[in-house]
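Two complexes, one shared chain (chain A), two partners (chain B, chain C).
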Partner chain A sequence: MYLAFFKMKFLTGLQYRAAAAAGMATQFVWGIFGILLYKAFYETNASAFPMDFQALASYIWLQQAFLSLYFVWIFEEDIFQTITSGGVVYELCRPMDLYTMWFSRSVANRVSQAVLRCLPVLLFASILKRPYGIGLPVSIHAAFWFFISFFLALFTVVAFTMLIYISAFYTIQTNGIRTLAGGLVEFLSGATIPLPFLPDGVRTVVELLPLASMQNVPFRVYGGDLSGNEMYAKIALQLFWIIVMVMLGKWLTSRALRRVVVQGG
Partner chain B sequence: MIEVEHVSKTYKVARRDAGFVNALRALWHRRVEEIRALDDISFTISDGEMVGYIGPNGAGKSSTIKVLSGVLTPDAGKCVVNGKVPWKERVEYVRHIGVVFGQRSGLWWDVPIIDSFELLKEIYKIPDTTYKDSLDELVTLLDLGKIVKTPARQLSLGQRMRCEIAAALLHRPELLFLDEPTIGLDAVSKLAVRDFVRRINVEHKTTVILTTHDMQDIEALTKRILLIGHGKILRDCSFEELKAEAEGVSGGSIDEIVAALYAKYHI
Partner chain C sequence: MRLYWKYFAMHLKSAMQFKASFFMMLVGQFLVSFSVFLGIHFMYLRFPTVKGYSYQDSLLCFAVILLSFSIAEIFVRGFDAFAGMLANGEFDRILVRPRNEILQVLCSKIAFTRIGRVVQAIAMFLYVVATSEISWGVKQILTVIFMVIGGSGLFAAMFILYAALCFFTTESLEFMNIFTDGAREYGKYPIDIYGKKVLWICTFLVPYTLVQYYPFLYLTGRRNEWWLMFLPFLALLFLVPAFAFWKYGVRHFKSTGS
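Let's look at the complex of A and B:
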């Protein structure tokens, strides 16, 4: 099932080549600017820097390479449109659970975009001089857990966006929620600046939120910034949030469908 | 076998008068009115029948189709189709039905039609051989040979509608619901669609329920007609009977007969 949707999204992605190329160029530039900015900070006061510089550089490049996997504001317009225009009737005539179908579609969408775009960025970042490029994972152990939390983070993101899609059943107009989610989530998930850069008090709270279970975990595991018991706790927290959000999402969907009014005709 | 007994469905509609002041007032006082879309509907349709479902806009045709296809949950009443309650066992049930909503698209917009078909094959888990057979058949009968490689967004309405119908039939459903399948089509496409629906009904014994405003569709295709208005079934009879009932209408074109009927039943 995932595979079929993946194929479909991948084909759609290929259909629009210019978009993919433009996206990739943006990511190179963002990555370079990010590194330069943090370099300036680092040179001013290295001791006040909460992360190892190499770990930070890896963080930024991974972020750019896998942008489409973890950035919450990459919504699927189709799904919103389907709900607000009533096209959802067709989805409901398919022999699949709606939540599962949209979940797998979102995963497929993100993965297919990432596959198209990650390689050039990763390649470019790996030929950059240390410590400005991407380093190797600090150990095999870290690589293994990076791999696990990489997927958990993706599922956390999708489970979260599912809640926003489903909110369209209740509000129809989703711009408000989306804008809010866009800005706030980006900051609180470590997309704007890595979470270790936040002041300690705020950080303790923020790190418990589902948003911190997204890119924050795998990228820091990769660079060795997160390891040992703290890492296990974070990965357990990822699992916890996935389960909670999926259950909530499924419940809200079935509630919405019981009272669904198909818009228009 | 479709059995519908005493099905009702009410919608809530928010209403307000025109203008800015009233819009502000509506922020606090929402006037909600209830509309009875379906009001105690009952009918039975046996296997292999082809039934036309007519009535003016807003009469409840689409709502009935949505109840029958498991999308809408009615407020009251019983509905059993081939031994299943559509909205309760939706996922298992929809495997056996095909639906076309003439005003919407069930195809993926950006990719060639054939990719949409392949995805549907996966979704319905259609075995390879069945898929190939029904694809061949549909492509020939609906003349899709050239079209299937074009993205849906670049097709004309008539071409797309033929693809929509093919998409609804790939998994060989026992029941086919067509909600205004000829809306907006030119004469040639209309004839092609009618001809095809008739063949499917005869050759595969597919039960067909068809809603339309095009009375020629009805005349060409169906023996039995359900007339619905204000959410109630008003008549359940043959097209000839319905015609006879409106006898003496001036002009006597099919549309005028139907208009006279609507007037007679105050709908």
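Let's look at the complex of A and C:
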């Protein structure tokens, strides 16, 4: 079921190879600028740098490579449209749970876009001179946990976007909510600057939020910035937020659907 | 021009029809660039200076770039969404009307929600004026105004170039974002912190340093040559090839047929 969706989305994604290529060029440039920027800070005052430079470079390149996985701005217009236009009743006729269906569809969409884009970016980043390119994961142990939290982060992002989709049941006009949420997430998930760069007080609070369970965790595990007990705690927190957000999403969907009145025709 | 104001009023009225959504967009837009500001703020909390530039210096650069970008975006937004117009045949309709096609594309969209960003840019300006050591005189004020004019023109040129490219690709090209969104993102620091090569590219290939870095040096008293303050006008020359390319695109335009 999930696989079928995945295949479908992947094939449509493949149709836009030129767009993907152009997108990759963008990602190279953004990555390079990001690295140059932090390099300037690093050269000015290396002792104030909260991360290993190599870990940071890996963080930036992973961020660029997997942009479409964790970028909260990517919403599926289809889903909003089915909700606002009332097409959602057709979806309800299908013998599947609405939430699960949309959830797997979003996951598939993100993964298919990322698969196309990540390899060239990662390849490019790996031939760059150390420490500006992407390093290998610091250990096999880190690689394993990176892998786990990588998917957990993806599920966190999707569970979060699901809440926004569902809000369309209640508000119809979602542009406002979307930009609001996007702006917040951008900063609180560590997309603007990696969370270790925040001052300690702010950081403790921010790291508990569900938004910090997104790219923040896997990318830092990869570079070895998160390890040991702190890492296990963060991954447990990821799990916790996924469960909370999925339950909330399901509850809100069923509540919204109970109010749906299907007009004839 | 009268026609433009008419469109302007029309868009304003239609935006006001959905007040709640409009204001949420406004706040959202504000938050987006505010998160960039927070990024700068927290970076400077950790590092008091970077390559000799202070927090105020960065804010000044960011304010100029953000203000230019937002002004350009409010008015030239139609070009940004141009790929859609090509694809759905809207542009065919424009061509048959007896008016200048640039004017019509300009009028097709006016993005008032970007005012959220303008407000932020102005707030940052005020902060810089209040706290930095620049002694503000007529020359300094003029320099800032020139920077914003040059910057808006340059961003507008980028949007037009971006639209003109769509004539040949019909799809919008993501890599053009580097020159618009990218410049906005990374223009928040004086350009030379990215190194000599980037400085060179941003001077001779896409003239962002002419509106940001060089006049900025003059403004903060790092350099004293008076002609630096007029450099933004040189950047305006970039509009010429952008328009030429657009004209070239229009001449080669083939309808998508829908």
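Assorted remarks:
The criterion applied here is as follows: the second predicted complex is superposed on the first by the 260 of 265 C-alpha atoms of A that agree within 3 Å, B and C clash if a C-alpha of one lies under 4 Å from a C-alpha of the other, contacts with A are read in each partner's own complex, and residues count from 1 in each chain.
The rule is simple: a contact is a pair of C-beta atoms (placed from the backbone, for glycine too) under 8 Å apart; a residue touches a chain by one contact, two chains touch by 3 or more.
Since this is a predicted model, take the numbers as computed values, not measurements.
When the two complexes are overlaid on chain A, chain B and chain C sit side by side with no clash. Shared-chain residue A:Thr12: touches chain B; no touch with chain C. Within the superposed three-chain model, A:Arg258 lies in touch with chain B and out of touch with chain C [touch as defined at top]. A count of residues in chain A touched by chain B and by chain C gives the higher number to C.
In the superposition on chain A, contact of A:Met96 is made with chain B only, not with chain C.
Shared-chain residue A:Asn175: touches chain C; no touch with chain B. Shared-chain residue A:Ala4: touches chain B; no touch with chain C. For the pair chain B and chain C, the least inter-chain C-alpha distance in the overlaid model is 8 Å. Of the residues of chain A, those at positions 16 touch chain B in one of the two structures and chain C in the other.
The touching residues of chain A, counted against chain C in their complex, run 16, 18-19, 22-23, 25-26, 29-30, 33, 36-37, 40-41, 43-45, 48, 50, 173, 175-180, 182-184, 186-187, 192-193, 197-199, 202. On chain B, the positions that touch chain A within their shared complex are 11, 62, 66, 69-73, 90-92, 94-95, 97, 99, 101, 103-106, 108, 110-111, 115, 118-119, 122-124, 151.
Those residues of chain C lying in contact with chain A across their complex are 18, 20-25, 27-32, 34-36, 38-39, 42-43, 45-47, 49-51, 169, 171, 173-175, 177-178, 182, 185-186, 189, 193-195, 198. Residues of chain A touching chain B in their complex: 1, 3-5, 7-8, 11-12, 15-16, 85-87, 89-90, 92-97, 257-262, 264-265.
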